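This report refers to the structure that appears directly beneath it.
So that you can tell them apart, the chains are marked A, B, C and D in the order they are listed, and the count of residues begins at 1 in each.
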């Protein structure tokens, strides 16, 4: 009922190509951004910033990284955490060993290095598909974890292997406060989401989906599978790398291999399953779900009489519910939360009609 | 009718292909002239599709050579074939189900791209202008094949006949010199068939595209094609104009007869 | 003072040359033609027609859906002082064609060309808009509309000035050809413009076919006199979405076409028993008190109007018999009251015209 | 040299244990084309249930029976609640479903029996045995024996019984087997139950090795490279793959470890598997499909 489309006709391809063709959508987006950048910092408290919003944003970025690879290019991967780790440690070491290097630049370079590693482990994808490829990415997970723990050079010969990340100074501004961390993360994430959206709507994005939907046909119309797949790994690695840096620097405040173990990879995978494979918005929804669901559950159990469920059991219940939800999603809504949103929007456009 | 020149565009020389020892194609040779519409006919399992797959490099022939546009290649990858102007459609539609009609057609033009993915991501430099050009050409094809009402519909939601047309559009978007059509009219009703026949004829005339197609409907083939090659059990048993082929006793025995009875059986 | 349609066109071109005269969708986006462009096109087409031997008194027969090209060529024929006969491609016009035995024909596509081919004596000139499946050569004098522009040597003469000259000839099933002169058309247009106070700012939606006389009189003539913008939907299949994009302020329809739109909407309405259906009923109820009307407007009627592409509709015209009960109720609830507009002289004309000849325009 | 063989054989015997887990995979993959990541969770569930029953005073035999029964029930539930609704979905979706499944099963197991480590005593002394100058673990030999008998039993099940016949039919061509009236759901449930049984055996052996605890479910990660090398669809492959991995792992640990550092057994199998993949993209015994277009 919010949509008034009469007279919104596009007279040029540029207008037709816009990410948000309808005025109402653009307006909504700006309102949302305004809310996130201005209202939230004013209203939110430290708990919300550092315990909910920051991880939510970072995970949604990681989700986008994996979604580009799995949801768009159709290459299954369980190495997400590994690439995040590479990004984080690269950024840390750059900060450590290159004096005066701006923080964001080292984030970026960290992403690039992660991309290179991702390409290395993506090479098998040229010969193998599906589950075989899955194992290749698992190899990345284990090798990277081992290398980072084995060679103390990466952790600056720190005994515990756990290093506190340097303060978040950008152009003289200190973003170390929870609010600052939130704003920094938000800015980076929004920027990268914009680029990601452009990407999947561009030629490359179409080629990826072509490879995903039917690779033989893709090859027959002249798409170079090698290039498409490796680019998918590289760009996905870049996104994951930056997500890793943010995870370590802006969320954990420490850089440690165990922040990036296999379960993190699974977490990211679940984000895109729940959020929706082959969707950009979905990563955000999925991450929100993953982050908020346990908190919600804990609060619900808080209402139950004390001692009925102890914390250990709560964790198990969480696990079971989680697994159940994953399966439920795959059965009921394989396209995830993003699909639900799309349906709602579609219905809103034609309201009060049904289609 | 189309402007058939005497120059040969495609020549197959003694092609043989087998899967795990099972012979699919046995030493087949024939030539397709530039600008003609050539039909491969033959009973199911005669090796027609396999032959197309050899021509555009999906399969590699064990022996023999394919010479196209003057160059002879021992082996060729599918995307190389595409780069050299060979486009095709598939027997059972191979569209990208997750994408709209327009996007499917646009993928067909991926070889016409010059701008890098970075430019496209940042929407910088020549990318936007190129996007316009790509879209314009895609739209001309879409209007040419009369699928513009479904421009923004996901291909999965379209009827079978329309999907066939979209696939043709995707192939056509690459501005091919040689168009391989694997049963473009399979499973269509009479009306859709006549439509598709018109489209193929017009493509051949207006774009000067050479067409090699596989079709079971003899009526269509005889009406549409300048040149017919008949296969049976992986061997060539007939090659010539529709009239010659119709006259060829071996063909009648091996093929037309069986087709007739099959047609009646339907 | 303009006497004829071409003169009206030239006047518009002079007074508001840069304003949009036509809008239609091609290659996926909306293209606009300004009045001056339209005028040039028409004059060049006139020149081309003249070269083809078309002259004063000749009749151009057009079998086509509502398409900008058809409209321009019609004006070109009238420019030369000829008349135009419009036929609906959906119908079988063979008997009529045999009787008329036309010399100049514009056929939209293959199927309409087929109808012409069945006449034993082929026309001198047979133009087509859409060459799909046609091959030039097997028809005498067959050539594409686009080719007209290519081989123009002389400029067009001055447009016809006699208001009495016939502009359109209509052939209802009762057989009596009904000519319409430039004068009648412009006169009717003026009446309509004053009655509905049409301005140059209107966005009119062009009919599916021009075949019915109502089209020429209540849409084409007013378009030329008032100088508003005429919009063409891209295709039959997409006319409803196109209407929504265009958001016309002026539509011309018949009982049937309004009914069609009503059914289109009804079959998409919320299913009975659902909450949204109750809300719909509640909001559409007539003569509710202010508050309820207000809520209903914002929740249901306003969005519904937009989906129907009528949120900017100002002048809903109706030719022919009045709307059916439920159509009237449906559109009435939305605040749309298609008024019947008929001239005394031809009062009973549209009513007489059998339904199958009445165009579906909305 | 002696020492090398000792290491090698030790590795081979350890590899047998990997094979055991891998076989569970292969069974399910063959029958329902599902890449069952939950196999590890099933191993955990089985072992944990069994131990807890023992601790609650069940005799060995009954504990085994009850556990088996619970596994069958689990299999039936999985077939009803997961496989049937997801039939004809792309394999990747089914795989992700099994990820969720493994979460559920792990959660369930620990919910029922708690998360603490249980010792498991199968009554096999684990003192080394001297054979021709080489010290071999008695336990490993026992494990190898069990695995061998299990494999024989399975191959009998597959090749001699009607069930086995229909099983192979399903594996070859689900649609055709439907056509000849094989009831897929039944077969699936059965296969999952059998896989559960294999999981139980593996669970017991592993449990006796490492103690029954959460980490058991991670043996799945050991099994993956085994599958890659052996191919998803061949039990023989699973065995051979297991042996190769086991041996390579031990050898690498002993000879490579000192050079580049300890803890490499986590990834050596994977790298090895990758190298195999580059040579044989479908594993040693897996079949390469021709793409029909």
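Keep this in mind: a contact is a pair of C-beta atoms (placed from the backbone, for glycine too) under 8 Å apart; a residue touches a chain by one contact, two chains touch by 3 or more.
The structure displayed is predicted, hence computed values, not measured ones.
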Farthest from chain D by Cα centre, which chain is it? Let me know.
C
A-B versus B-C: which has more C-beta pairs touching?
A-B
Between chain C and chain D, what is the gap in Å from one C-alpha centre to the other?
74
In whole angstrom, how far does the Cα centroid of chain A sit from the Cα centroid of chain B?
41
How many angstrom between the C-alpha centroids of chain D and chain B?
48
In chain B, which residues are in touch with two or more of the other chains?
58, 90, 94, 135-136
Check each residue of chain D and list the ones that touch at least two other chains.
291, 293
For chain C, residues that touch 2 or more chains besides their own
28
Going by the contact rule set out above, which residues of chain B touch chain A in the complex?
56, 58, 77-79, 81-83, 87-88, 90, 94-99, 103, 106-108, 110-111, 113, 117, 120-123, 127-128, 131-132, 135-136, 170-171, 174
For chain A, which residues count as touching chain D in their complex?
76, 124, 127-128, 130-132, 134-136, 138-139, 142-143, 145-146, 149-151, 216-217, 262, 266, 269-270, 273, 312-313, 316-327, 330-331, 334
Mind pulling up the chain C residues that touch chain B in the complex?
26-28, 110, 131-133, 135, 234-235, 237-238
Considering the complex alone, what residue numbers of chain D touch chain A?
35, 81-82, 85-86, 89, 91-93, 95-97, 99-108, 110-111, 114-115, 221, 224-225, 227-228, 232, 260-261, 263-264, 266-267, 270-271, 273-274, 277-278, 281-283, 291, 293
Can you list the chain C residues touching chain A in their complex?
28-32, 203, 244-247, 265, 268-271, 276, 279-280, 298-300, 302-304, 306-307, 309, 311-312
